[in-house]
Amino acid sequence: MNGTPTIPDQNLEEPANPQFETNVKNRNRKGATWRYIFLLSTVVGIIALSVLVLTIIDDTYGLAAIEYKVPLSEILPPGKTIDEITCQEADVILQENVSKNRYRTLQNEQPITERTQEECANLIVYEIAKPVARATWSLSASLLNSEEIQAYTTEKYPEAELVFKKWLTKEFITSPQSDDPLTAGIITAILGSLWIIVIVIIVAFPIGVGAAIYLEEYANDNMINRVIRTNINNLAGVPSIIYGMLGLAFFVRVLEPVTSGAIFGFSDPGTANGRTILAAGLTLALLIVPVIIINGQEAIRAVPASLRQASYGLGATQWQTIWHHVLPNAIPGILTGTILSVARAFGETAPLVVIGAATYITFNPESVFSKFTTLPIQIYQWTARPQDAFGNIAASAIIVLLVLLVALNATAIYLRNRYSRRLV
Amino acid sequence: MNRKLLIAISALLLITTLLAACGGQATEAPAPAEPTAAPVEEATSPAEEPAAEPTAEMPMESGSMLPEIDPATVTGDIVTAGSSTVFPLSEAVANLFKEEGYPGNLTIDSVGTGGGFERFCKAGETDIANASRAIKEEETANCAAIDRTPVEFRIGTDALAVVVNQDNDFLADITSAELAKAFSSEVTQWSEIRPEWPAENILRFSPGTDSGTFDYFVEAVMDSAYEGDGEGEKQILSAANIQFSEDDNVLVQGVAGSPYAIGYFGYAYLSENEDVIKPVSVDGIVPTEETAENGEYPLARPLFIYSDAGVLSAKPQVASFIAFYLSRVNEVIQDAGYFPASEAALNEATQNWCAATGLCQ
Amino acid sequence: MAQRQLTNSFPIEIGEGNRKVLDLRKRTKLHERIIQGLLFICGAISIFTTIGIVVYLGEEALRFFTLPEVTLLEFFTGTVWQPQIDEFGILPLLTATLMTTMIAMLVAIPLGMFVAIYLSEYASPKVRSTIKPTLEILAGIPTVVLGYFALTWVTPILRGVFGENTVQIYNTASAGLVMGILILPLISSMVEDALSAVPISLREGAYGLGATKFEVATQIVVPAALSGITAALILGMSRAFGEAMIVAIAAGAGPNFTLNPFEGAETMTGHIVRISGGDISYESVEYKSLFAIALFLFLVTLFLNLISQRIIARYREEYD
């Protein structure tokens, strides 16, 4: 119940004390002022988030000055435009202009004559004409300064065409990696990130909650338990790259038979390598377990003893009490810890680079024993590149990452809302 | 003995196919450079050392001695790691390799030159190390400890651009000596270098001490102006108003922020930001493809990849990839933002490849 | 009152006319013991992790300290950190870490607390269930993005407010501010949980005595939730301590011994991340020094944690 009870000063039977009256007024005024301050802080937080997200979205659409290395007019037969070209004609053109190896690869993927007209047109454009994004602009710049951009482009890049480019497209999400920002995609990175985060949740959640239960319900206040408690608080502050180094030394090197899958017969022991999704997941799980434990501890501690006593009074064992009474009431706090830690783990870069996440990889991960790359690593790499267009695809990748994060957390948030209720 | 026989046989195979290829233009020439996969029944002559006579092929350009590689016939994994500067280049070549049909697993980790050598020479985990500097003695010693001898392949050039703000109206050319002064603790204001320059603080922007660019600048510019072991480095590290950053994009922001700023970083970051910064010619020479390639421009640093002869023979796909790299790198190097290595350097790399694999000629 | 049915836990059924004797001796069931053991292992994993970290870092750090160029005295008191010229003073890195953490906490603590109080005491359940997860998205934004945000948005604002000559392009102030925004959801969510867990009976009692909502919130609820609040603050501080990317981008890559937040500087974590990803040889002194820095950071965090634990233990109150 959150309603403000009104102070029934009108119902007082004693004669109204003027000092009391002004005091009440002051207290109410103070309360109202502070209420606005609290509301303002929330608004500031929301504004900060909105500004951040908007600046990122700003870069996912915009004008781009595209230059073709080979003008389309030189490739296409005279009189035909790119939209009129049939796949049969495209086949012939490709055979003449593209290296034989590349042509063979394309044919093996899907014979050119069997593709749709749009795909054939795209092939001609990307394989032969080879577009390059010479400069790009954000959405706000494109909307507000379009004439200046127009003038700038005609002056600096006379050969270039100014198009309104949508960077966050379905092709972007489903294409594999490439060095060309116009054709690069993030499917490999998405799969890597998702595989890892699933392992992280499966490993970290039970261990974290288990340790929290132990520390709050079972542990006596002896030396070793106090050491454990201090330990956990300390571990929450260790920089993530140290966990990366630890994970490298332990999960990748010492546990190599396990993390490379050799022990399960998954890979050839001769070439097996511990730098896999499994090792990365375990390392990140280790990173976030302390936060889950601390949140869990606080949540379990906050369950009133009266609830526990009532349960014991009816004859339940300790575990029954915990499982049926304490945990359900502590779930919201535990889930908060999980949500915050999963968010952190999803965005980690440094420890994964140490573990051995690739920055460029030619294949999608097939199992937990595969090599991998992740979204944050791609984003980090692209933001460091000089070409404008990389900034745009980095922004698009960030949006995808945030959407995935929200989706991942949605279950936890739903559960948290369901279990969240005030205790007496 | 067995391995030499196989090498000889595949060398002969190669020669025969090259001869065939030389005759016609667009003939299919799948020349598997894989000694272990070479069909033994095609042996046409007894085992001979591949110190064969020079064939009718006279090496005309640097690439002509390398065998033609068809990526679709290359099988097996390739693991590379190293410099973040070389990364865009390796990524472009690897992408080309994949597009032309390579079916296997290729990974490139961008962990820095130091990390690349660590994995190559200490852990022996990678097949190729990407490096923006030459390998150091300690690292070679580590390699020796795990039975690896690094083979160097020069694959490109990164020109260092010295840049100033677009609104800088007084600086167009600087001598090497003045450049060293500009980044030293000797002077604080522009006018102390040349009296006609404004009496304003020099705002300096430099890559961090962990960067190969920094090392190269110290070596090429500071050390030649300041005698003494480590003196050049001391000068730049104790300079006033110097700001370091590990991200070159961030350095661009820095220089773009003031007309009295000066900075240096890879050429690619200049060419992409020419609306806010502009280059300064060093000793009268502006970095262009020519001047970077032929060595005229004084601040052009080499880019390398390293491998090992043992790796090249145990994993023939690595040998194929490097051969592919050396022959195709100049197609993609401009887009990546770098300049081609000189003919001589690429020839030397080719020679190194041939010596390590024995698959040429 | 119990909203859940106790499951079939009684060992003996008591039905009409079918009485059996209840055995009231305390017996610990085997499966209870097993569960307890499993849970203990979960807790013990943290010990193994710490041992692993200390041993691994300690080994390498020892190798660093036994080098001739390095002395412990210089390490702890030197004001210049430039391994290339044999300067190994940790103070510049330490001051930068402390400064950014302090600025971050100055932003995150008040904002986080106020947001938490608003969500827990004033907002309707619907508003709370929308805003809380929305703010938690902030925790998921990659720190690289926040670093660039600090450089391209916050620094120009600071330069506009304080003047271009006082504020350098790379400065710890904007890194600290943005770090505060990163930590905000951490503090606000955890504190909100703690505040929500305070029993309503306390609030009702206070209202009954005529307190205003503000007084209830600040004088009753917050003190009651102090344990959870301090846990949140400590976690937030630890996160700020261990943050690398934001500072690396917005505050520059040069260790600088200064207390001026408008100058560039480098934190301990930022330094570790930068060097390990750079071109420096792993055999060099500079690389080996990273382990010493990491160990030092670990010990400083431990020290701060011990102090905070003492404080909590004194002020924590249990209700009901």
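Order of writing sets the labels: A, B and C. Residues in every chain begin at 1.
Basically, contacts are C-beta pairs under 8 Å (C-beta built on N, C-alpha and C of every residue); 3 or more make two chains touch, one makes a residue touch a chain.
Model, not experiment: these values are computed from the prediction.
Asker: Looking only at C-beta pair counts, which chain-chain interface has the most contacts?
Answerer: A-C
Asker: Among the chains, which is located farthest from chain B on the basis of C-alpha centroids?
Answerer: The most distant chain relative to chain B turns out to be C.
Asker: Please report how many Å separate the Cα centroid of chain B from that of chain C, as a whole number.
Answerer: Between these chains, centre-to-centre, one finds 42 Å.
Asker: From the C-alpha centre of chain A to that of chain B, how far is it in Å?
Answerer: The separation of the two C-alpha centroids amounts to 34 Å.
Asker: Where the centres are mean C-alpha positions, what is the separation of chain A from chain C, in Å?
Answerer: The separation of the two C-alpha centroids amounts to 20 Å.
Asker: Would you mind listing the residues of chain B that make contact with two or more other chains?
Answerer: 84, 111, 247
Asker: Could you say which residues in chain A touch two or more other chains, in rising order?
Answerer: 353-354, 383
Asker: Find every residue in chain C that makes contact with two or more other chains and list them.
Answerer: Counting only residues that touch two or more other chains, chain C contributes 276-277.
Asker: Okay, in this complex, where on chain B does chain A touch?
Answerer: Touch residues, chain B against chain A: 26, 28, 70-72, 77, 79, 84, 87-88, 90-92, 94-95, 98-102, 104-111, 125, 247-249, 252, 266, 268-269, 271-273, 275, 332, 335-337.
Asker: Quick check: in the complex, which residue numbers of chain B touch chain C?
Answerer: Interface residues on the chain B side: 83-85, 111-115, 117-118, 122, 131-133, 136, 138-139, 142, 207-212, 215, 230, 233-234, 237, 242-247, 250, 253-254, 257-258.
Asker: Using the touch definition from the top, list the residues of chain A that touch chain B in their complex.
Answerer: 99-102, 104-105, 108, 132, 152, 156, 177-180, 271, 273, 275, 353-354, 356-363, 371, 381, 383-388
Asker: Within the complex, which stretch of chain C touches chain B?
Answerer: 82-85, 151-152, 164, 168-170, 248-249, 252-254, 264, 274-284, 286-287
Asker: Can you list the chain A residues touching chain C in their complex?
Answerer: Residues in contact with chain C: 1-2, 4-5, 7, 27-28, 30-31, 34-35, 37-42, 44-46, 48-49, 51-53, 55-56, 206-208, 210-211, 213-215, 218-219, 225, 227-242, 245-246, 249-250, 286, 289-291, 293-295, 297-299, 301-306, 310-311, 314-320, 324-325, 328, 332-333, 336-337, 339-340, 343-344, 346-347, 349-350, 353-354, 376, 379-380, 383, 398, 401-402, 405-406, 409, 413, 417, 420, 422-424.
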